[in-house]
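Next come two complexes, and both contain subunit A; in the first it sits with subunit B, in the second with subunit C.
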Partner chain A sequence: MPASTVGFEAKMDHASLLKKVIEAIKDLLGDCTWDCTNTGMSLQSMDSSHVALVNVMMKSEGFARYKCERNLNMGISLASMAKVLKCAGQEDNVIIKTDGDSSTVTFVFGNDDGDRTAEFELKLMNIDVEHLGIPETDYDCIIKMPSGEFKRLCGDLSQFGDSVAISCTKGEVRFEAQGDIGTGHIRLSKKGSADKPDEEISIELEQPVSLTFALKYLNNFAKATPLSATVRLCMSNNHPLCVEYPMPEVGHIRYYLAPKIEEEAD
Partner chain B sequence: MGIKDLSKLIQEHAPAAIKESEMKNYFGRKVAIDASMALYQFMIAIRGDGDVLTNETGDVTSHLMGMFYRTIRMLDNGIKPVWVFDGKPPELKSVTLAKRKERREGAEKDLEEAKEVGEGEDVEKFQRRLVRVTKQHNDEAKHLLKLMGVPYFEAPSEAEAQCAQLVRDGKVFATATEDMDALTFGSSILLRHMTFSEAKKMPILEVHLSKVLEDFGISHDQFIDLCILLGCDYCDSIRGIGPKKAFDLIKKHENLEGVLANLDKKKYPVPEDWPFEVVRQYFQKPEVTPGTDVTFKWEEPDEAGLIAYLCADKGFAEDRVRKQVDKLKKMKQAGPVQSRMGDFFKVIPSEAKPKPVIPAASDSKKKDTDSGSKRKGAPAEKKSASASKKPRCGR
Partner chain C sequence: MDNNAATTSELYHKTPEIFTAGLKKKILLVPAAILGHSSSEEHNQVPSTEGSFEISLQKLPHPRTGELSLWAFHLAGGKVYELCQLDEKLRSWFVGNYVLEDGTIKCLVPSDPLFLVLPYLLDAKKRKRFQPLNQILEGADTKSDDTAAGFGTLLAPNVYLKDLDLICSVKGFKDEKFYKLSRAKLTVWLKAKVKLLSEALEREHVNVSTKITAAGYSRKEDTQTKDQYERFAFGMISDQLPLSLQEEMAIALGLGEVKTHSNAANGTEAKKVKGAPVSAAEDYSKALKVLAAVPEKKLTAAQKQLAKVDKTGMKSISSYFTKPADGK
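Take a look at the complex of A and B:
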C-alpha cells in the first residue's frame, strides 16, 4: 500500500490549546468519540450520570493544517489523551493523524526549531455512542461574564451547599446556595466596559428565569476557564443550562446541565 | 429459577445489551423489585455462624435485616423502590414446585446425615438448600416496608411478571431482580445486583430487552420460545439441548413448532407432557394487575413504629436502627430533584459502531456521521424520561 493512506491529519500550532481542551472535559467524561469531518473535530458526550452533556467543536479553520478525506469516529480514552498531552512542551505544535483503517491515532509534538519531535500512539476504542439532538433554543436569558468570575462564584457557593439557585431579573442576576452551616448570596449587575470587553457583564433578558443546578457539575465546567476569558450562561425555565466557553477562531466548548426540579406531588 | 443460561447467551450474542453502571446513576428512578427473589437471597446471604440470623427468641431476622438496610441503600442513592411480592403460584409451576419440594426433602435427609457425620461444610450446603421464604417472612417484610414508608405491591401471581407489567405501563423505570425471566415477561430494562450488599462492590448490570432482541435477531415471541427451550420454571426442557443448540434451533426454525418438526426426536427426546404452547401463552399474557391505575407513594417513616418493631420485637440494636431512621427522614426533605439530559434532549437513533475507526462517508446507512449539523435540526419538544422509555418488545 502507498504511504498516502492517511485519512485524517490535523496540525495545531499550539499543543497547549488541545491540552486545555482535554483538561476541561476529562474529569467529566471517560471514554468518548471524536467525530472528524472536513468541517472539523467535534465531540459530544454525557457524563456517566447523564446529567451533563459536553459538546466540543474545533473547526477546521482553527487548525494550521487540516485534512480529513473521509469522516471518522475516533473512540478514545480522555485520560489517556491527557497523558499524551502532558508530554507536549509549552511551545510545541501538534499533529494528530490516523488513517481510515488503523486502530490507533498518532500525536506528533514538534518544536519550532524542528530539532525535536516526539511521537505517541494511542489505541482507539469501540465506544457505544448515543448522540442527543440538541434543539436550537431561544433562551430566555443570556448572561455573559468573565470566566474567572464564574469559576470563583461556583467555588465560593460550593462551601455552603450542593446546589445553586440562579435567578435573573432585569439588570441583575443572583446566585444563592444554602446548607447546614448557612447561606451564600452573590449578586452580579450589568457592567459595561468598552475598553476591556473581557470584564464586561451583560444580561440579555427575554423573561425572568429561576433555576436550580448542582454545583459539583458547574465546578467541573469551570475547568474550561483557561480556554476563554469570558463565559456565556444561557438559561430558560425548565430547560438545561448551557455554559459556553468560546475559543476564538477555533470553536467552543458547550456544557449542558439538567436542572434540579421541584418534585411533582404524585 | 429463571431461564437457564440466558445471561450467558446474552453475554455471548448481545454484549451491547448489558451496561455496567453504578447505583448512584439511578437517582430519581422508580424501580420495581422482585421481593421474593430478594428475600430468598437475603436469607441465603445474610448469615451468622453458617445459619440464618436469628434474634434471642430464635426468630429468623435475615430477611428483615436485608430488607431494611438494602432498601435504605437504594433510597440513599436517590432510587425509589417499589417492592413486588409473589401471589399464588400459577398452576403451571406446580411441576417445578413439586420438584423443589422433593429436593428440599432430600436435602433435609442429607442434612441429618451430614450433622451426624459432622461435616461442617456439608451441613451448611444442605442448610442453604432448605432455605424457604414463608408467608410469615413475607408478611413481616411488608410490615417493615409500611413502617419505612416504602410502597409495596402484591402481585396476583408471579412477581417478575408483575414487575414487567409495571415497566410496560411506564409506572417504573426497570425491574430489579436476578431472575432473567423478567425479560421473557417483557420488562424492557432489567437491573441486576440492585439488592446486593455494598460491600460486595458489584456494579449494577442494566440489561436492555430491545437490544437483546435486536442483536439476537429475533422477535419477542421468538425470544419466549427460546427461553422455553433453554429451560424455564414452567415446564421441563428437552434433554441434550443446551444454550448454543437452543439458540441455533430458534434462529433456524423460527419457533418451537418449527423446531419440533425438524428435531431428531431419538437424539433429543421431547418430554411426554410438554405444554409449551400453554407456557408460551403464559409468558405472553401472565396473570398481572394492570399498572395504569396504581400510584406509589414514598412516605415519612414511622420512627416510633420502626424502633418498636425492629428493636423491641426483633432485637435489632437500637442505636444502629436510629441512625438509619435519621437517614430515612433526611432523604424525605432532600429538596428539588436532579433531572437528566434525556428528559429534555432526545437520542438521535444511530447505527451500531462495528469498528473503532469507521469510514463513514462510504457507508450510506450511517445517519449520525454529520451529527454536528444534525443536532441543530432536532425537534425541540420536551420528552419525559418515562415516556421515551416505552417498552418495545414486539407484542
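Take a look at the complex of A and C:
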C-alpha cells in the first residue's frame, strides 16, 4: 500500500445538495458505506427490514473538484453526517476529504468570500457491506412525472390505507388505497408540455402492470423530492419498483421496493 | 411445552438384574402421550420395541444450526420429538435402592416434523419450481450413513410429513405431489403456532417478563402483556427455525422489535421459567440472544415507523437481486 497521502478529496459548490441527498436517505438507512472510486461516490444499502434498497450515485463530474487516488470505502452513520451538514450555511461549499488510512473523514465548509471556514471530523466505521448486483432490467412500464405530484399523491393516499395498488394501462395510471375510513383513487393521464418538460407526465408501457406497495416506504422515498423536479417509476409485474430521482449532471438516487405479493397466485 | 414427563424409575427396583449386567443405563423422560397406557422404559442407544410404544432415535440435521442431533420418531402417533439433554455434574439419580451415577436429564420435547424439512424447502424455493419431496431433500446429505436412516424415516409416506400442504403450495395428483414453500402459508402456520403457545404460556402463568421471581411466587400487579407472551413463544419456536428465517418471520409476524426489546432483557428473559423444563428454557434464551445479536443499532423515529409497516407478502429485496457470490 502506498504511504498515506490524500486518498480522497472532493469539493462541491453547494453543500446544500449533499444535505438534501442525506436528508433523502437518512431515515431509511442507518449506517452505510460510501464507495469512492475515480468515477464518483456511490452508496448502496438496504433498509433495516431488508425490503427496500437505496442506491445513490454522485458522479465525479458533478463535483467542482474530485480526486480519488485509490478506491476506498467510507463507513458512516448517516445520522451523524446529517448533523454535520446541518452546520453548513445555505451558500457554503463543502470539501470532503479523507486519506485512505485514517479512521476519520473531514468536512470543510467555506463561503465564497473565503472569510469563514468550518471543519468537522467524523469517525468512520467498519461496516459489513453486502453488495447486491442490480441487473439492468427492461421494465414493463416506466412512468415519468413531476416529483411534487408523486409526493402529493403518496401523502394523500396514506391517509386512507397502508398500501397503494398501482395499476398502469395504456395512457393512464391509477393509484388506489383502501382503509377503514374509505378508499382513495388517483388517476393520472399522459400530459405533454413542450415548454415545461418538468411538468410532463409520460407513460411508456410494454404491458399492463399492477402492483401493490407499502405507502410508508413510498412516503420515505418522496423525501428526495427537493433533489429533482421529476421522478421516474419503473415497474414490472412481480418485480421491485424502482423510484428514480435523477440529479441532472450529478447522478441519481434510486430506491427499490419489494412489492406485496399474494403468494397463492404463483 | 406441555411435556407430561413420566419418570420410569419405578421399574428399576423390580428389575435389579439390569444393573448387574453391567450395562450403562440412562434415564429418559418421555411424554405420557407416547407411552400409551403402561409406562415402560427406553434404552437410549437402541431403538426399542418394548411394550405398547415404539420410537426410533435417528440422527438428522437440526433445522436451526444444521448440526446433527437426535430425534425420536413415534410411528404410531406420527409425532417427532427432539432429544434434549441437560448436563449437571453434581447430580445422580436414585433408582430404587441403587444410585445411577449419570445424572443427566434427557427428555423428549415434542417438535413438528415440518421444521425438519424447512431448511431444504427454503433451498429448493430458490430454484423457483414445484418439486417432489425427494428432490427437495436432494440438497440434504441423504446418502451419508449418519442421516440416511433418519431421512428414510422422515419420508415415510403419509406419516410425518402429511401436513406439508400447511406450509407449501402443492401441485400434482394423488400419489405424485410437487411442493414449493409458500411464505404466506408459512407465516400463517407460524402465527398459529405462536398463538397457541402464547395462550398456553398465559394459561400456565409462565413468567416471561424480565423480572426474576421465585418459582410459584407471583404478584397480582405483575401482569404480563399478551405481547410479552407472544414474543416469548416466538423465541421458543424460533429455536426450530433456520437462522435466516428467524428475523424475517419476526418481522412478518409483527414481532419485529423482538430484538430491541430482548436487548435490554437479554438472557434473563428466559432464565427463570416456572414449571418448564430447565434445559428447554436455556435453549430459548439462546434463540432470543441470536435475534438480539443481529442489529444493535439505534433506530430513529422514522425507522421505527418503517419497522412497524405490515410486510406480509413482501419478500426480501435481496431475493430479487443477485448476491455478490454469483453477481459481480
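Criterion: the second predicted complex is superposed on the first by the 260 of 266 C-alpha atoms of A that agree within 3 Å, B and C clash if a C-alpha of one lies under 4 Å from a C-alpha of the other, contacts with A are read in each partner's own complex, and residues count from 1 in each chain.
The working rule: a contact is a pair of C-beta atoms (placed from the backbone, for glycine too) under 8 Å apart; a residue touches a chain by one contact, two chains touch by 3 or more.
Note that the coordinates shown come from a computational prediction; the quantities given were computed from them, not determined experimentally.
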| item | value |
| --- | --- |
| Side-by-side fit of subunit B and subunit C on subunit A, or clash | clash |
| Which of subunit B and subunit C A:Lys216 touches, first, second, both or neither | second |
| Subunit B versus subunit C as contact partner of A:Ser102, first or second or both or neither | first |
| When both partners are placed on the shared chain, which of subunit B and subunit C touches more of subunit A | B |
| Partner chain(s) touched by A:Arg70 [first = subunit B, second = subunit C, both, neither] | first |
| Touched partner set for A:Leu132, first subunit B, second subunit C, both or neither | both |
| First (subunit B), second (subunit C), both or neither touched by A:Asp27 | second |
| Touched partner set for A:Ser202, first subunit B, second subunit C, both or neither | neither |
| Partner chain(s) touched by A:Ala52 [first = subunit B, second = subunit C, both, neither] | both |
| Touched partner set for A:Ala79, first subunit B, second subunit C, both or neither | second |
| First (subunit B), second (subunit C), both or neither touched by A:Ser167 | neither |
| Stretch of subunit B, among 4-12, 112-120 or 184-192, that runs into subunit C once the two complexes are superposed | 184-192 |
| Subunit A positions touched by subunit B in one structure and by subunit C in the second | 46, 48-53, 130-135, 163, 212, 214, 239-240, 256, 258-263, 266 |
| Touching residues on subunit B, where the partner in the complex is subunit A | 16, 21-22, 24-25, 27, 295, 297, 335-348, 350, 353-362, 368-372, 374-380, 382 |
| Parts of subunit A lying in touch with subunit C, wherever the complex brings them together | 26-28, 30-31, 46-53, 79, 130-135, 162-163, 212, 214, 216-217, 220, 239-240, 256-264, 266 |
| Residues on subunit A engaged by subunit B in the complex (per definition of touch) | 7, 33, 35, 37, 39-40, 42, 44, 46, 48-53, 55, 57, 70-75, 98, 100-103, 124-137, 163, 212, 214, 238-240, 256, 258-263, 266 |
| Residue numbers on subunit C that touch subunit A, as the complex places them | 169, 182-185, 248, 251, 256, 295, 297-300, 302-303, 305-307, 309-324, 327-328 |
